[in-house]
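In what comes next, chain A is part of two complexes: it sits with chain B in the first one and with chain C in the second one.
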Partner chain A sequence: MEVIRIQHILVYYLTNTVSMIKINNLNFGYSKHKPLFKNMNMQLSNGHIYGLLGKNGAGKSSLLKNLAGLVYAQSGTLDVMGFNPVKRQPALLEQICFIPEEFYLPSVKIDSYVKANAPFYKNFNHTYFSQLLKEFDIPASNKLVNMSYGQKKKFIIAFGLATQAKLVIMDEPTNGLDIPSKAQFRKIMASVLTDDRCIIISTHQVRDLDNLIDTVIMLDEHDVALKASVDEITQKLTFKKVKELDESIIYAEASLSGYNAVMPNYHNEDSKLDMELLFNAILAEKIKFKPLFN
Partner chain B sequence: MEFRDNKAIYLQIADYVCEHILLGKWKAEEKVPSVRELAVEMEVNPNTVMRTYELLQNKNIINNKRGIGFFVDESAIENVKGYRKVQFIDDELPVVFRNIYLLNIGFDELKAKYETFVKENFNV
Partner chain C sequence: MNNTFNINRFGLLLKRQWLDFGKIYLGTLVVLIGIIIGFYSYFIPSIHSNNITDYDGNLDMRFRYGLFLFLGFLFISIIASNYFNLLGQKSRAILELMTPASVFEKFLSGIFYTAIISLFSYLLIFYLTDLAFVKYLNSNIDAFKGINPKVTEAQSISHQLFNDKNYLEYCGYFFASPFLITSIFLLGSVYFNRFHYIKTAISVMIFSGITAYIIFKAADILTSDMVRVNHGNYRNNGDSALLLILLITTALTLIFWAIAYIRLKEKEV
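What follows is the complex of A and B.
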């Protein structure tokens, strides 16, 4: 009965555009006196690449770990594809690909690693895995411990994506990747976004990924400071270079040829979102942005 | 592809597609790359390419044959020219005009430069 119920839940979540993740009144902290999230609420759907931004210590990695059942919240509810991740049920875990920022790999060759770990994921695709290794330029006969940090990172990304999991969580995936690998990574991510997948990427290197992200989530001061699609942001705000400052400008940074500025999009302009500028703007002028995105 | 700073990515991709059609690389009634193929090539989110294709469909530059994919419209070249002309006059010409005015460049000089440019680049 349990298996049938779980299958029903999965079929439902994999075939409909629904909130794949529901976070309700989440309270989380590593100690009782220092809460990291206070009554956090958020919903995430399939078919998107979410970019998770925030200052150091804002809780990006902790939020990702909550979703994967790696840490426990003090109160509130978490629903990931109909499951509570805290219970760590195999039916959910085989649908989660989690690429942490720091990781450990055993002293074995690639094929032994795959032999030992791939069986946990019933949709693991060996052909696709070999193809990804090739694209990332990693020799399949390598021993994991003898590889560089960047190569190891590419290996776990390849393994994670080959699991064909529906929820892909990546914490700083481009850290340690060389320049050609970053381009390769972007191509691979563009190809893996399907309607039934939800991809969440935390990053400080927004320039590596800004054209891949379609929805920005920014954490600040124990909560979600912004969650909006790139289309919504550029519909409401204009990002442009200006020669002089005036009062319509919400936030600006000096540049070589004037200022890079953010202002309300009065004239329905189609500008390119400058994610770094938006990030700094929200940190500096949180109150001014709040009424625009509610 | 190297994206510029100030223009929305979906519009820059639209320019890329239009350029291919104008240069005859993608011909009328031929299939254009799928949303995913173009997203991978451009290293962008497929939803962005989808937005580009929706725009180009509205301008009758490409059309969607359900279940098969997107195709270059039979009157695409004409429609691209119309679309690009409006864009050029609205967005790019004011910048050019500003420089012509500030640098005091005469129309005769411009005309000569323009003719040399066309000769050198398009062999007409």
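What follows is the complex of A and C.
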């Protein structure tokens, strides 16, 4: 029995926790004099929802484009599911669902769009697609061009998820969605995560990712400033409201009833990750956080 | 599944591209038909005009050769220039590049629509319109005979081409020319992000001008201070010049297609 259990564990780790994306010494920039990434290294695994955060111009969208093979790196290697994304091979493309911030949809009916595009994806699930449309409240007979921006966004999210792609890349997916749609989006995204899927969501609206992501990736100054799971962050840091500041506090922001503070979690306290606070804290006190997450 | 070319995937891609390209294409076809009918209606011989015959005594349809060439150039160049223009728009380019088909298949579908379909449909539309007008004129030949009793029936443009062996052979040497035009404008549609047609046309004019200048200057330098020696038995073979035109236009077409493929492969968003 013990041998079988160990075998199961081995199989799980060998098949389920293999890095889906390997970034080695990636150097990228839109001009040689202004690098966006300098020797970036990172590995992303399946079975996770990554939240990609960073201030404007930090390179969130550019990193996603690098992963999708839409731009060329100056040097370094990128491995996505064993493929080099810049080769744009169909076998990889059918496993990537890329939802860009700015998107285009042709002036056709939903049905025609699906008929023309779905056959490219071997695992496209028509039933699931119809379910998603229903959940997002989009009439299937609609002409794409007549839909609002939010509806269009929900449509491409539904189509992308129905492709059953293993790598889901979303750039600011909640932009343009109303409040009920954002809640629907969170619910749907939480339900689509499977062991063989890797989901990367980039956003500057950190509150939209609350309770959704399991790992935070923060970009700053040409590199990854932080890559840690939510569990790891709340294990090492505690987020709480304090009346007064003391030396143990790494970063604090004034609030109506005192301060919202981030401090090392010396006493293994349970606290809820405040993503916005963490984001500001990392940007302001990167050096203080570095030893905690290395 | 092959990552470079798969016939099923290529078929799917052609179908998918039609979704976007088809509307522009069909719209352009309607305009084309309108222009051809307009020109024919205005220029075909009328019983009210004095000159109704050409040099051979047929009903005068000579206007159609210029129209065929000029309109053909415009139509195939516009279609080719439009094909990849969506890559100039970030949002459309992402959708295009992320479609699970190889770059080679995307490029081939470009050639299929711009070089094959556009040319074939142009020839077909021009032929049918011409044939309709020729039939109409010939059905009224008696009215024209009232003006000029020697007038003979008009022939369709294809009849003239295929029934004259010399003419057909001569045209054969220009077989690659329409493909050259489409290859240049297809490259322009990948290379430029905006104003593809104008920029391609200007680039062609500049390069042609520079090439012509270099050839002229080179010939001038190479033959300066020389006199022409006329060998008695030397016979200038005109066909070699025509053959050269065929070979050069074919080679240039292939080169422009190759560059367009590389540019498509390297396209970034």
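Going forward, the second predicted complex is superposed on the first by the 279 of 294 C-alpha atoms of A that agree within 3 Å, B and C clash if a C-alpha of one lies under 4 Å from a C-alpha of the other, contacts with A are read in each partner's own complex, and residues count from 1 in each chain.
What we mean here is this: a contact is a pair of C-beta atoms (placed from the backbone, for glycine too) under 8 Å apart; a residue touches a chain by one contact, two chains touch by 3 or more.
Quick caveat, the model's predicted, so the values are computed rather than measured.
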Original post:
Should the superposition on chain A be reported as showing a clash between chain B and chain C, or a fit?
Top reply: fit
Original post:
Between chain B (first) and chain C (second), which does A:Y121 come into contact with in this model arrangement: first, second, both, or neither?
Top reply: second
Original post:
Which of the two partners, first being chain B and second being chain C, lies in contact with A:L212: first, second, both, or neither?
Top reply: first
Original post:
Touching A:I49 in the superposition: chain B (first), chain C (second), both, neither?
Top reply: first
**OP:** Identify the partner contact of A:F159: answer first if only chain B is touched, second if only chain C is, both if each is, neither if none is.
**Re:** neither
**OP:** With the two complexes superposed on chain A, say which partner A:A190 touches: chain B (first), chain C (second), both, or neither.
**Re:** first
Original post:
Counting only touches as set out at the top, which of chain B and chain C does A:K272 meet: first, second, both, neither?
Top reply: first
Original post:
In the superposed arrangement, does A:F129 touch chain B (first), chain C (second), both or neither?
Top reply: neither
Original post:
Looking at the overlay, what does A:Y251 touch: chain B (first), chain C (second), both, or neither?
Top reply: neither
**OP:** Please work out how little space separates the C-alpha atoms of chain B and chain C at their nearest point after superposition, in whole Å.
**Re:** 28
**OP:** Flag every residue of chain C that touches chain A in the complex, lowest number first.
**Re:** 1, 3, 6, 9, 12, 15-16, 19-20, 23, 86, 89-92, 94-95, 97-103, 105, 265-266, 268-269
Subject >> Residue ranges of chain A in contact with chain B within the complex >> reply: 47-49, 183, 186-187, 190-191, 193, 211-214, 230-231, 234, 239-241, 270-272, 274
Subject >> Footprint of chain C on chain A - complex, ascending >> reply: 65, 68-72, 88-91, 93-94, 96, 98, 100, 102-104, 106-108, 112-113, 116-117, 119-121
**OP:** Please give the residue numbers of chain B that touch chain A in the complex, ascending.
**Re:** 3-9, 11, 36, 39-48, 51
